[in-house]
Amino acid sequence: MSLNVSVNWQRDAFCLQLAQSFPSKGVTALYGPSGCGKTSLLRIVAGLERGAMSNVSFNGVDWQNESLCVPLEKRRIGLVFQEASLLPHLDVRANLEYGWRRTKPAQRRLAPEEIYRMLALESLLQHRTDQLSGGQRQRVALGRALMTSPDLLLLDEPLAALDAVAKRQILPYLARVVRDTETPTLLVTHSTDEVLRLADHIGFMENGSVAPVVRLAEALQDPSSPLFADEGAVSVLQGQFVIEGNGGWGMFSTTSYHLHVRSSPEYMSLHSGSTAFQNHRLQIYARDVSIALTDPTQISIQNHLAAKISGLTEKDDGLVLVRLTLADGQLLMAELTSASVSRLGLILGMPVWALVKSAALLQ
Amino acid sequence: MSDFFAFTPADWQAIWLTLKLCFITTLLLMLLATPLAWWLARGGSWFHTVVQSLVALPLVLPPTVLGFYLLILLGPQGWIGQTLESMGLNHLAFSFNGIVVASLIYSLPFAVQPLQDAFGRLGHRPLEVAASLGASPMDRLLTVVFPLCRGGLVTAATLSFAHTMGEFGVILMLGGSIPGETRVLSVMIYDYAEALDFQNAHRLSLLMLVFSFLILVAVYGRQRRFSLFAQRNVNS
Amino acid sequence: GDATVAAASSLRPTLDRLVEAFEQSHPGDHVILVYGSSGRLTTQILHGAPFDVFMAANTEFPEQIAESQPETSVPRLYAAGQLVMWSASRDAREIGWQGLLKPEVRRIAIAQPDVAPYGQRAREALIHYGIWDQVQDKLVYGESVSQTARMALSGAADVALLAASLANQEAMQQQPYMRVDATSHLPLNQSMVVTARGQSNPVAAAFSQFVMSSQAQSILSSAGFLSARQVGQQTPAELAE
Amino acid sequence: MSDFFAFTPADWQAIWLTLKLCFITTLLLMLLATPLAWWLARGGSWFHTVVQSLVALPLVLPPTVLGFYLLILLGPQGWIGQTLESMGLNHLAFSFNGIVVASLIYSLPFAVQPLQDAFGRLGHRPLEVAASLGASPMDRLLTVVFPLCRGGLVTAATLSFAHTMGEFGVILMLGGSIPGETRVLSVMIYDYAEALDFQNAHRLSLLMLVFSFLILVAVYGRQRRFSLFAQRNVNS
Amino acid sequence: MSLNVSVNWQRDAFCLQLAQSFPSKGVTALYGPSGCGKTSLLRIVAGLERGAMSNVSFNGVDWQNESLCVPLEKRRIGLVFQEASLLPHLDVRANLEYGWRRTKPAQRRLAPEEIYRMLALESLLQHRTDQLSGGQRQRVALGRALMTSPDLLLLDEPLAALDAVAKRQILPYLARVVRDTETPTLLVTHSTDEVLRLADHIGFMENGSVAPVVRLAEALQDPSSPLFADEGAVSVLQGQFVIEGNGGWGMFSTTSYHLHVRSSPEYMSLHSGSTAFQNHRLQIYARDVSIALTDPTQISIQNHLAAKISGLTEKDDGLVLVRLTLADGQLLMAELTSASVSRLGLILGMPVWALVKSAALLQ
């Protein structure tokens, strides 16, 4: 069961050509440079580009082929555009309730109050849409789409207009919404952070075509992934997380090592009550990992992990990406200068200590 | 003054008839012009262009001449009239139904044009949004297109109403000025003026002007308030 | 019963009084008057208008109707119009035909000769007095005699040639009119018919009878028409010869 | 057929006069209606509402009645006519200038309404952008407002042109049907029809219809191509 | 000489109230949460909110007061809105040239070709605006504003719609443009990174008012600055930069210490030719700084700086911000867990080694 799309669409100079199956569970990120066709692809999935030669089916139901085109309103798709497109003749509440009213009670999985709360919309309900700032508008658009409890969410850079604080506040809620309501989501985004926090799968787009969709963990194995162009390589470790004391600090453990890490307050408030979580993901930027030949003492870095060097990739910017295999076999990447590599005499197979300065709990 | 506005029973009859004609015509016109304007606004073939041009053509002919052709077409000798008669119905000349049809044709461009403009300018986005929220085409029409094109609807209805009210050439020719049936206010004013009965002509003219002015002020006033609200929204 | 009478607009408002008299002498009968230009009314009758009697401002149109609708009654002359000269700003009797050429007479209104009988006769009179060519630049045309009268009433036209029945109206009595010599133009004979539709309507017959009664005829002549007797009891057919 | 269209010199005169009237009226109307519509579209006071209602009023009166009032107003005894005369100019009754003025008044609502709609919907953003790029108000008008409101301008001009062409009640009354001066095609067709000269009436009607149809097709065809280009832009 | 703005404007529930002088040199960032009035303020400066009671003067010239309002087109302001607002009836080239044509030749400081190149617009010139993707549109809007060689640039989140790669490519050019052309700029942004890269001064907005505009360096002294809410505290060091070899690596030096750092390729290509630069800024995230009691060897971290602890600020999230005074007196901040602080027994005045994992050259 999944979303299958095949498109062959020449529009002026631009050609969108792909045959792709997207998982119909969790969040699939579409990541690619400006103008590569992300919006066009979403519009085809939504049935908004009738001119496009395309076949679309979702969970076994044909949405579009040569002979048929299920109209958008029958697809139960939540759509958030790049620019908030609020209906200007309705106030905020009426915009939000527009879809809600048109959703059969049996299909309503999300309570309006909950959506209002998670997107901080309560204080805006009485406003006219022209009284909202850009960010507020986008929040309303997001809420409005969620109100229909859609079967599929199509998000076209929904957070681009939000400020960092608002973004950080909403991200975990969005993550929870798409997870708890099990709404499969196609997310177009430019932000590696959003991908790491939200995505389960990722499809890289370039010039009108999509590389096969892969699991995020898999995509992160590739040091030259476009995801890393901005912030550098990232490793993701799987393990158990147990909260210790307050402030969100706790212990991330695998069978063979522990890391002292911290989850965000938003994360905490979402999971208040429980203290131990299985199968969590820890995100570690390669630039936050240093290497020592002996286990250093008298240093502020807390997390020291024994590892073996399993790869050394020289990049053209004078940096070396060091692949480290941890005791439990998981992969950790470290970014060092080539000067350091030669100073320390790092070679393949060498046992070293990985010093992890900081790590972020995902999921 | 009270004397000035002491209307005769014939006046009252004409007033009532005029209002009936205007309301019915405007109503039918909106029902007719809306799908037509929508179709015109969304399509781009040469056929659309031809239809759009045809809609505007009644404007071009002098009203009595238009009325004459309608008489030929809708009267007992015309093929529409004959078809109706052969179906056991009445032909349309010299009847209230006839002048409704005539007013529809004559005022059609005033209903279609503003609607078409408004629909054309609406863009696809609001409709896409509404569809994604589960609104069916009819639902979108009622809850998105109409509210957002309110200006165009008001203009269309107002122009249609006013134009039907003032129109008399077509009505005179096709309707025949029959009291209680086709003798509307405009015909009556015309008749008074023809008889050099200026007192009565002035009286009824003033009535129509004042009445129409009040309607227009009410309609435009409401519309204006609304459209100012909406103005900052153009880019949202 | 009811009858609908279509009448040339130049009969307004004389016919109103005539109908009043008819209804008084025929209790229970009722006449609905529809005024209009003779040309339009003819077209309408030819296309099935629900008129029982047609009183035209000329003799040709009733004949045309009688020709194309055989059940129509024989056209009957009921009166003749009289052409007068009238001005809102001066006594028309002092202007005289040559006076029309003076520069202070800037605009002369007549009815459209191709359309209205009064216009046709006005043209004939102007030709008769030898000034047709000179007044060309001064002429303006009304669609009907009535419109011609309004052009003069408003003062926009300095002089008008129109129907005596109109010049007798209250609105125009501010100035006297000058009667145009009946020999300067063909007569303005007016005839009427009972239409094919009116044949089965006794009220139509009664009304057309009444129009020829002496009571009705005197109403017509007091309003500025020549009564049928004054014109001579000729049939329109004879007149045409 | 060639015989059917063998126009008399009088016909040619009327055709030429009609074209002249329509072009001049449309031109003046656009010059007049544009600032008026702009002012109406941008303001929200009760005064705007009143003016907007007044603009639409000429629609309501039967044309010959309107013509009669204009005749009184613009003729030598009317205060506008008298004012003109006292300035050494001619009064406006029975002159080409007069029927231009009458057509202006009568067609004003058809020019103002579509323009006002278009201007109202334009929004502030494109103007703000152009101003930030150094465009003066007049520059913005020419390079932003007009191109973006092209649909409204075309509609306004087309409706005005067609309406002036078909209008005859006002012209008949105020113009006096003077050959070469005020006897336009519509008046001529009317006269033919009144005289039951249907051959000539048909001939000229057909001419007007075909000519107008061609103009309309040309105008709408161009506009349609343009507006389809612009359609995806509503949200950009 | 500066931009002086004083506003007192109640609009519905929102009240914008400030009296502020903005420097008329360099880039002043306006930073604040969604809905705090940033866009409103920019519009007032541009003269687009006539309803607002406000006084605006620029470089001694009154733009707006009780009795006068210089129209926008006379202010020579370059304006980029949150949403690209291209003129839809013009193609890309005509949009770009619209302002250029209306600029007196004497006032043209920027050549079109240069702007096209720096914003990668060459390939878009023939397009209609409705053929552009969201990011492409915003680039055109930016270019269009620059084409007038404005006296003042007002940028309302101009890069929000750009993807990370495009953003990273354009940022240094934008920085150079505003610097080389000496165009004073008011920049509304949500992004700390943009602030650090572009801004000379910063004004924090909150709820309709602006805190006094301060130099960026000053703002960075405050560990609780809103700028740090997202990425944590940042230190900025001043010094000399000398390029060594390729890949952009070089030595950042002050009177008393050196750091081995790297500048970006974009930066390099902008400054190709010269190899030594005075008075450069180095940005160091506090989370990238570790502390050791003795100078560690056999560790990949290259840059070890002797320092003295001059401040310890416990934050409520279990982290401690350590202020370090370097040998030359400059301030460096390190973010440690409180567990590390107590494990190492850090106290005020203690001499320690600051380990700098990575640093970014600004400017």
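A few points about this structure:
The first chain written gets the first letter, and so on, giving A, B, C, D and E; residue counts start at 1 in each chain.
Everything below uses one rule, namely that a residue touches a chain if its C-beta (ideal position, glycine included) is under 8 Å from a C-beta of that chain, and two chains touch if they have at least 3 such contacts.
Everything numeric in this text was worked out from a predicted model, so none of it was measured.
Looking at chain B and chain E, the chains in contact with each of them are A, D. Set against the C-alpha centre of chain A, every other chain centre is closer than that of C.
On a Cα centroid basis, the chain most remote from chain E in this structure is C. Centre-to-centre, using mean CA coordinates, chain C is 91 Å away from chain E. Rounded to whole angstrom units, the spacing between the C-alpha centres of chain A and chain D is 60.
We define each chain's centre as the mean of its Cα atoms; on that basis chain D and chain E are separated by 56 Å. For chain C, the set of residues that touch two or more other chains comprises 40, 43, 147, 150.
In chain A, the positions touching at least two other chains are 83, 85, 132. Multi-chain contact residues of chain B (touching two or more other chains): 64, 68, 124-125, 193, 231-232, 235.
Across the interface of their complex, chain E is touched by residues 12, 14, 32-36, 39, 82-83, 131-136, 157, 160-168, 190-192, 226, 229-230, 245-249, 260, 262, 265, 287-288, 290-294, 296, 298-302, 316-319, 334, 336-337, 339-341, 343-344, 355, 357-358 of chain A.
Listing the residues of chain C that touch chain B in their complex gives 4, 9, 12-13, 32, 34-36, 40, 43-44, 47-51, 144, 146-147, 149-150, 153, 166, 169, 171-172. Remark: chain B residues 124-126, 128-137, 139, 143-144, 147-148, 150, 229-233, 236 touch chain A in the complex.
Here chain B touches chain D in the complex through residues 44, 46, 48-50, 52-54, 56-66, 68-69, 109-110, 113-114, 117-118, 120-125, 151-152, 155, 158-159, 162-163, 165-169, 186-187, 189-190, 193, 201, 205, 208-209, 212-213, 216-217, 220-221, 224-225, 227-228, 231-232, 234-235, going by the rule given at the top. Residues 37, 39-40, 42-43, 61, 64, 107, 109, 112, 114-115, 139-143, 147, 150-151, 154-157 of chain C are the ones that touch chain D when the two sit in their complex.
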